[in-house]
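Next, two complexes with chain A in common: one pairs it with chain B, the other with chain C.
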Partner chain A sequence: MAEPITITGPAAQFRPPSRFKTLLTEPKVLFGGGFILLLLVIAILAPLIAPKNPLEQDLMLGSLPPAWLDGAEPGYYLGTDDLGRDVLSRLLYGSRIALFVAVVSASLAALIGTVLGLLAGWYGGWTDRIISRIVDIWMAFPPVLLSILLVAVFGSGVHSVIAAIVIIDWTRFCRVIRAETLAQAQLDYITAARTVGFPRMKILTREIFPNIVPVLIALVSLEMGIAVVVEAILSFVGLSVSSDTPTWGGMIAQGRQLIHHAWWLLVAPLAVLFATVLAFNQLGGGLRRAFDPVMRR
Partner chain B sequence: MIAISILNRLIMAAVTLFGVALIVFVLLRVVPGDPIAMMIAPGASPADILALRARYGLDLSLPAQFGVWLQAVVIGDFGTSISLRRDVLELLLGRLPATLELAFAALVVAVLIGGAVAVIGTLSRRTPLEPAIDATNGVLLAVPDFVWALALVLLLGVLFPIFPLSGRIDPTLSIDFTTPFYLAESLVRLRFDIFLDIAAHMVMPVLALALPLATVITRILKEALLEAMVQDYVLLARLKGMSEVRLVLQEALRNAIGPALSLTGVQFTFLVGGTVIVERIFSYPGIGNMAIDAVINRDLPLIQGLVLVFGAIFIVINLGVDLLAAALNPRLRHG
Partner chain C sequence: MTDMLLNVTGLSAVSDREGGLPVLRDVSLSLKKGEVRGLVGESGAGKSTIAKAILGILPRTVRVTGGWINFKNRDLLAMKPQELRSIMGSEIALIPQDPQTALNPGRRIGAQLADGLRLKRGLSARAAEARALQLLADVQIRDPDRVMASFPHQLSGGMRQRVLIAAAFAVDPELVVADEPTTALDVTVQKEILRLIRRMQEAHGTGVLFVTHDLGIVAQICDSVTLLYAGKVIEEGPVRSVLENPQHAYTRALIAAGPRYDRPDAGLEPVPEEIFHALRQEIGIR
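Then we have the complex of A and B:
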């Protein structure tokens, strides 16, 4: 096996600033990315780090306040709900559904939108006309109506939630990726590739697509923020996963009901939801800024 | 000329509404799960089931069902709600005014708050206040109505319990309203005690709907104002000795309002969509709250009626924005 070539000496210093380093200087990316990373670790390790079983009821320990208030019980850091289930453990487990829906729905919406956007932007003509027209019609239909209809059609459950998000939001990706593809196609390196005689499909996948990835990543991050809220809303009204699985939306619904009785049941999941949405948004916005040389200036 | 363009838009609106109706119908006919199965008592005879299917027109072919349904809708017959066993049109008309009052109040509040912050931000440019406003607004832009509503529940419902947490009016206060527009009617009839009670019930849902829109208005309007402030006509007015406040309010605002307006129109449709979840959180008796129950109960006739009403509202808003933009823009008016 050949040794990897390492450049040493003055030549090593003549490198353009790496994209990764630019990212780390963007505070929004640091904050947002850091929080999401932490959340991801929590979601994966939930069974190991949760202090209690999130489903275990103990009516003797119902509606306990958080640890810093009078009447708290040791070991229940954020208190318990009316059935005596540990709020902190439920929050930690709730991140699993939230992130699962965010990752799966944003990836699927991105996949559909990107493929169609690339094709429309690169091949133009009829392909573009048909795809763009579908996107226009799709976007004219208000998202709330479409989600009411889709959930009515699919029934409740986490898969319907994901399907609804994908069906409604693939257009966001399609529109932006198409515009990006059109912009890339005008650049000299593409003209060069065509002159050399690269096949069209190969130019699209090997040359254009890699240059669109940064924009795509930023869009996916923003979409995940949207997906987390949609999932929370649907589990709030009881149209997402079954009620015994801990979700932030379900916890919020419980907190709203018991608002005069145990306000902390609303504060904890709402604060986590807010921080998550903000983190995805800041990460997406920050990435967009960091990757876009015009905006950076 | 302008009459033709208005006519064009009206025709387009009708076509869009027909499209919405068609999509609604097609989507809801592929629903897995028989609505009749949920209505019948266990042990009903097959003849009873057939009779019920015939009664709701579910035994016809799909195009025939659509034809029958569309004909009925045109004359205002939306069918009977399966879960509530009442006429859908009657249910919708009873609930719609509550939602309209909520949405319009929220629009007004959003324009006032968003406009005020944008003007203050413009007046305070080159001071430390401006980046503070921009940063705060940037963070708040990410907050959806769902989160606002619940944060308000905690802040104004629990921590400072000033406003009622749910409903539209205190049930003990109820006078005999002749219209379903309680807020407007109580004002017209000079019953200020009732007006204040209804207004107090609306504070939190209105704020939850208005604040996301206000942050968008602030960003767009402030950008447009800053751009207008460096134009020659503003410089001229400044040289004439006009005060900074009057410069912003009289000169810049007039020219910045156009771009802000068309965006506000689009965002207003999102606000109306937001009534669905916000009404739910505050148990406000509007069509949004009703929509969630309809979906949970799989009440197809009611869902169809609700989606058509929401669709019609969105179309009317878009039409209104187009016409308003044409009225405000002299080039479009005479073009």
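Then we have the complex of A and C:
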């Protein structure tokens, strides 16, 4: 054997950066993830950090404005609703339902959609035809109507909301994952693995799936944002959890009626909802960039 | 005939996508053990189709209409998929054209090199890793440890191609099909890769079918050459005699079309239209 070649220049100093470090240099991940993390802490610690009991009514202190406006009462930082309940405390407690629904429903929808999408894209033929037709038919139903219908059938409650989101949104995952699988299956390394006789299932799990994870992560994060909105919609129409549990959607519905003399009752939950969905979307996009070995350059 | 490795006899194929257009016309070629044969032709001449037919990865739109591919006196075309899979990646290996897509972007080099060794040679994870390290050193990668732990996108094109050469020779195959392995690389890297393939081939005594469109590469690396046009063998023989004393007008024109570094004013003459005309008549294309 001849002497080994010597590499100098940038390639010689190059060390693969750790994934964690790459994540922290991605501003979208930093801000989106930071906000979600904060929200998570708030949701878990809500009973400890909420200044008031979110259900405690005090009709003498109804419709108080936020602390920086005239007529505010000390201790009620974001004011009170018409029943005298503390808006800030209700928002903090509302994050519990929102995050719980987001995490559980997005994960379940991802699980179902990914498994079916991988199978459809990889095995093709009848497997693909059957799964794809089901997805097509599924997607023909208007989602909001379908979710209202489903919750009406299952009865209201947080589990019904989760079930409705999963049943509607697994198709989102299925479609994208199937397309990604098809694209990966075209590449030479998959042809090579097939030609030399790797077991098909092993190619799917070891070669294809890892390359789909970046897309999957982005989708899950986006789906969490969607789930937060859907939960809010269902609370808005009164089909989510019972009305004595504070939810952002419920607060929006309540605030809508009082918009003319207590605008903060609508604006506060809307702002939180908006920020949460934005954070999920940013996090999804950022994670995708950070994890994708091809985009990460 | 014991030293004959590969014998393609009268291979014909048509493309169903182009309405039954013949893509291979009665192609015959042979490869001895330890021989490097260049398979040369323009785009669409059928050189890649032959390579794919040998590897059993012809697209569904291409149909073989006649002929045999004998590998060590067994007809690859008549084999069951299961038998084929046991030969591919074991007795026959591929050096692919595009090092970009031939490696899984999501897995480390070490794991990918170990795969073939574990599947085809039954090595343990540890033994496969040790062997993979040795192989990377064999293809003259300076710090194999780092490359083993790298993802493909962290390596240059030349490095990736070295890894793929290591992977091809890892299983000690008897036949390596090299499908334009230097086309996607810089000219400066090309030469190193060619030398490397030649050295690995000599060290392992491997027969290589080298697909390329570049007669210059053929002159550097091949022992013999088969020249194709429109799916038909135009000329065939030892490299020296074909390049120095071409029999066919098309071969002569192709050689004249190559750049001449010694005489910059000569060369780069496109193949004259009359020659194509005569060729088409000879093959029987209207």
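By definition in this document, the second predicted complex is superposed on the first by the 250 of 297 C-alpha atoms of A that agree within 3 Å, B and C clash if a C-alpha of one lies under 4 Å from a C-alpha of the other, contacts with A are read in each partner's own complex, and residues count from 1 in each chain.
Please note the rule applied: a residue touches a chain if its C-beta (ideal position, glycine included) is under 8 Å from a C-beta of that chain, and two chains touch if they have at least 3 such contacts.
No experiment lies behind these values; they were computed from the predicted model shown.
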{"item": "Contacts of A:Leu149 with chain B and chain C, given as first, second, both or neither", "value": "first"}
{"item": "Which of chain B and chain C A:Leu91 touches, first, second, both or neither", "value": "neither"}
{"item": "Which superposed partner A:Leu278 touches (first chain B, second chain C, both, neither)", "value": "first"}
{"item": "First (chain B), second (chain C), both or neither touched by A:Ala140", "value": "first"}
{"item": "First, second, both or neither for A:Leu270, with chain B first and chain C second", "value": "first"}
{"item": "Which of chain B and chain C A:Leu187 touches, first, second, both or neither", "value": "second"}
{"item": "First, second, both or neither for A:Arg256, with chain B first and chain C second", "value": "first"}
{"item": "Chain B and chain C contact sites that coincide on chain A, given as residue numbers", "value": "none"}
{"item": "Contact set on chain C toward chain A in their complex", "value": "55-57, 82, 85-86, 88-90, 94, 96, 98, 101-107, 112, 115-116, 119-120, 137-138, 140-142, 146, 149-154, 156, 192, 199, 203"}
{"item": "Partner chain B, residues of chain A touching it in the complex", "value": "137, 140-145, 148-153, 155-156, 225, 229, 232-233, 236-239, 252, 256, 259-260, 263, 266-267, 270, 273-274, 277-278, 281-282"}
{"item": "Chain B - residues contacting chain A, complex", "value": "16, 19-20, 23-24, 27-28, 30-33, 139, 141-144, 146-147, 150-151, 153-154, 157-158, 165, 269-270, 273-274, 276-277, 280-281, 291-292, 294-296, 298, 300, 303, 306-307, 310-311, 314"}
{"item": "Chain C contact footprint on chain A (complex, rising order)", "value": "1-7, 11, 14-16, 187-189, 191-193, 195-198, 206-207, 210-211, 213, 293-294, 296-297"}
